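Letters A, B, C and D mark the chains in the order given here, with residues in each chain numbered from 1 onward.
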Amino acid sequence: MSKLCSLTEAIQQYVHDGDTIYAAGFTHLIPFAAGHEIIRQGRRDLVLARATPDLIYEQMVAAGCARKVIFSYMGNPGVGSLRIMRAEMEAGRLEWEEYSHFGMISRLQAGAAGLPFIPMQPTATRDLENANPLYRRVTDPYTGQDVIVLPPLRPDVAIIHVQRADVNGNAHIWGILGEQKEAAFAAEHVIVTAEEIVSEDIIRSDPNRTMIPDLIVDAVCHVPYCSHPSYTQGYYDRDNEFYLQWDKITASREETQRWLEEWVYGVKDRAEYVEKLGPETLARLQVPERLSAPVNYGAY
Amino acid sequence: MSKLCSLTEAIQQYVHDGDTIYAAGFTHLIPFAAGHEIIRQGRRDLVLARATPDLIYEQMVAAGCARKVIFSYMGNPGVGSLRIMRAEMEAGRLEWEEYSHFGMISRLQAGAAGLPFIPMQPTATRDLENANPLYRRVTDPYTGQDVIVLPPLRPDVAIIHVQRADVNGNAHIWGILGEQKEAAFAAEHVIVTAEEIVSEDIIRSDPNRTMIPDLIVDAVCHVPYCSHPSYTQGYYDRDNEFYLQWDKITASREETQRWLEEWVYGVKDRAEYVEKLGPETLARLQVPERLSAPVNYGAY
Amino acid sequence: MSYSSAELMIVNAARLLRDRDVVFVGVGQPNLACNLARRTHAPNLVMIYEAGVIGARPARLPLSIGDPTLVSGAASVCSMYDIFTLYLQRGNVDVGFLGGAQIDRFGNINATVIGDYSQPKVRLPGSGGAMEIAAWANRCYIMTPHQKRRFPEKVDFCTSAGFLSGRAERQAAGVRGGGPQAVVTNLGIMEPDETGELVLTHIHPGVQVEQVQENTGWPLKVAEDLCVTQPPTDEELRILREELDPRGVYLR
Amino acid sequence: MSYSSAELMIVNAARLLRDRDVVFVGVGQPNLACNLARRTHAPNLVMIYEAGVIGARPARLPLSIGDPTLVSGAASVCSMYDIFTLYLQRGNVDVGFLGGAQIDRFGNINATVIGDYSQPKVRLPGSGGAMEIAAWANRCYIMTPHQKRRFPEKVDFCTSAGFLSGRAERQAAGVRGGGPQAVVTNLGIMEPDETGELVLTHIHPGVQVEQVQENTGWPLKVAEDLCVTQPPTDEELRILREELDPRGVYLR
């Protein structure tokens, strides 16, 4: 059953004020286009969960979409800090809930796996555990030792960018996998954005590559360059110049608003954004081909 | 660093009397050749852990290698029961420790992940829980409900058959993945057997396909047709006739011993076994090619 | 057209499936029932297998739960841990098929042992995936020949929970799934009543209620509105015999 | 050849690595230290990244922890959950690199907050992978410029455990890893003594002990056998400048 629709429609239908959103991707496959569409549609009071808020959540925070962030590392990756999120938190205007990467990903894994809670080995330091009441301890019935546990995370909506998907939502992902699969299975609803929509035959030629199965997917959107200024393995490179530039833009709130006006509110959708980026930028981000060696599944 | 050696050497070095062995594979990639080599080398008092003992463990039990089995489903898959294992258990000559598939695989996952224990949702029935003292209950600190838990399983040796590996032990697996990865990470030592030894370039052309990384591998053995009478996806089909035949062979202990004499003790190694199988059998098990669509990783 | 007991059970099980159901499929008869449903009224049925296969489209009759034909052309393949967690435990499975050596009055199943657990009279295969399928699939169906020894009042060992001693006990255990919805046999169909007790609700054409009672190990309740099932159609039999199991491995 | 503070730290950190070490690598200076070691005395070093990359062979300087150059040509790529469980928590990681805004007398690290946690004076990035790396990697190394504000007697917030209040407390906590083995700065190297307190064991050529003390927030103990480090060799500097970071992103 085809679930193909525009990203505009998908956000309208599945993202509501107050929802907990997980826009997945660890530096890779970050669904910037979806973040921008949420900003354009004026969603409010969102809880933004993501191991690394990155620029995408900072832009959503700057646009006033968020009530709270759930995170484990808040930085402009490879550049420095996220000035606006940091300032909002320091000013007491943005709630937060904090984990280590492992804690964050473990919560998602528990949510995805349907586990009641997930145990972790002790890390000796208790400061974060004391700061976040969702960290608890139980006694290991085999050793009598204390074990740290966390409850499942169950976002209302996960947004998962992928390299290629069929219209039903079966999706191939390669390169850094981050927490894509766990976020999708943990969430109540799943929006898939894809660089390419391909025939079912392509997907089914390599079922081990299908990280997201159609049966958990609600909407499939064809969104080339969805991840810019981040990257999609094999499709385009990270626009590092923009990551550096963002550090300067966010030094001023006015400048940040001007950027949002021009690049988010000022365009209708990602297609217009890509057109506005222009051929020179796109050319700069191209990468030469490096293909995987095929495998033989056999025609059984 | 190359870890290439013969399967004979690998078993000599890493499998000792009394060890807990996990010869992995859920109907797929079952390392029959390794089981036969263990029989030839006369190992005793082994604890044989495997979700599905299948014919491989029945042969090892029949040859007197085993003190105990740890399992979750004991049958001749698609055919019927494992007559010898069943008789040994009914006669009180073979110890066992039993789980559901999920319990078994969860124990491996906990072992692989370094978790202190692993929780599972309740299943309402308590009979197996009461029969196996390793099942325990803890209280979910978030809901106050009882949760079932199991401790990690940490085999001494995992034997993992794969389609292709490099000499260092980085291995590509496709088709049914079963518990290959979990068994490998859970074990103290890992023996990889491979249908093909390929260049590092082939492996590194598709790193997402590498389920087993070299850093946990102790030995790499080139063993074509390692899984016969089971199958290796894309390489050969299951020899169903043998599965049916085994049901008849094991109706008699004498017949079973004769089979072991001829097909295990009577051959030096898997190469001789394959030669003995003969070209007609091999031809019958061939499958037409069905290749995966390649993916582009990009030459970053 | 005449048909075997196996064909009768398979056809009746197939009819219980709904389009878009996600089904945890076993090998053999359940596999045939699912493939039959997919070729008739449920073209969007999703078949998943405990080996880790999702959306299988087997080109031949699978001879084991891990047959390579399940993989080639499937939508997705994942590890066993993933299939039992992300799919089953998480609540993504609508239907599970179960079988066993004994099924009791409340739909509890024994696939583990006849006699004492530690000194078994007959050692059976064990749970496999069944313990969790019975607990967590939204609906479960049981297919089994109708014989008295298979339907004792109480199972020797409860491998998979039906309604335990009744619906209240299952509910108190806090499991996700709805429990067994129907037991399809060669004589008819039993379904749980409001207490969780299996009641005869359908008989197959030509079967007498007495015959069912004789083959059941407890005083079997019969539904007031007992129905007679529709016999397998020619088309259903043709698909089974010509397309799905031409060598008749599971149809006899 | 003259060299920068960054180059000095990178070269000294590289020398601490052993051939065949499995290293949990961060971006920036630790990445350069590992690649330098791999090109000199540790050709079999295995670099793994929290993004899920194992055995990376980056063809260019990675600009983030998830740079695509880490993936192309790597030995294996897995999920983040896998990298933190199968590799780190399971005990497959020999070395972790750590950094932070504050490092204290017992090697505890703060990367979370300056001031009160709930009303931060300065909100820092947070743990990322560091909380578990510090606990479970067999050995940890810290690279940081030597400034008094970075080396307080006690951290405001303990993001990653060093030796807490001393080795005994860490041991009692039951963590797998051995804790911080060395803090490499632009002035020298500090290593924990038998109590877990950081002691100055090496100074770089031309550095005075007083200078190190002035830049440390507690009365710094000096090892009896204080050594002077070997200056970076021309070859080490050539590899860094020509092969690894030709644009000098992390070398200045």
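Everything that follows uses one rule, which is that a contact is a pair of C-beta atoms (placed from the backbone, for glycine too) under 8 Å apart; a residue touches a chain by one contact, two chains touch by 3 or more.
Note that this is a predicted model, so its numbers are computed, not measured.
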{"item": "Chains in simultaneous contact with chain B and chain D", "value": "A"}
{"item": "Far-end chain from chain A, centres as C-alpha averages", "value": "C"}
{"item": "Pair with more cross-chain C-beta pairs in contact, given B-C and A-C", "value": "B-C"}
{"item": "Approximate Å spacing (C-alpha centroids) for the pair chain C, chain D", "value": "57"}
{"item": "Inter-chain centre distance, chain A versus chain D - centres from mean C-alpha coordinates, in Å", "value": "28"}
{"item": "Averaged-CA centre spacing for the pair chain C and chain A, given as whole angstrom", "value": "40"}
{"item": "Multi-chain contact residues (two or more partners), chain A", "value": "114-115, 120-121, 145, 174-175, 177, 181, 208, 233, 237, 287, 290, 297-300"}
{"item": "Per-residue overlap in chain C, given as positions that touch at least 2 other chains", "value": "53, 67-68, 71-72, 77, 88-89, 136"}
{"item": "Chain contact topology (line, ring, star, complete or other)", "value": "other"}
{"item": "Touching pairs among all chains present in the structure", "value": "A-B, A-C, A-D, B-C, B-D"}
{"item": "Contact set on chain B toward chain A in their complex", "value": "114-121, 136-143, 145, 147, 149, 151, 163, 172, 174-175, 177, 202, 205-206, 208-209, 233-235, 237, 287-300"}
{"item": "Residues on chain B engaged by chain D in the complex (per definition of touch)", "value": "1, 112-115, 170, 181, 185, 203-204, 207-208, 210-211, 213-216, 297-300"}
{"item": "Chain C residues touching chain B - in the complex, by the definition given at the top", "value": "27-28, 50-53, 63-68, 70-72, 77-81, 84, 88-89, 108, 112, 117-132, 134-136, 157-161, 164, 169-170, 173-176"}
{"item": "Residue ranges of chain C touching chain A (in the complex, touch as defined)", "value": "20, 22, 44, 46, 53-55, 57, 59-60, 67-69, 71-77, 85-86, 88-92, 136"}
{"item": "Sites on chain A touched by chain D in the complex", "value": "26-28, 51-52, 71-75, 77-78, 81, 86, 89-90, 92, 98-103, 105-106, 108-109, 120-128, 131, 145, 174-182, 231, 233, 237-238, 240, 287, 290"}
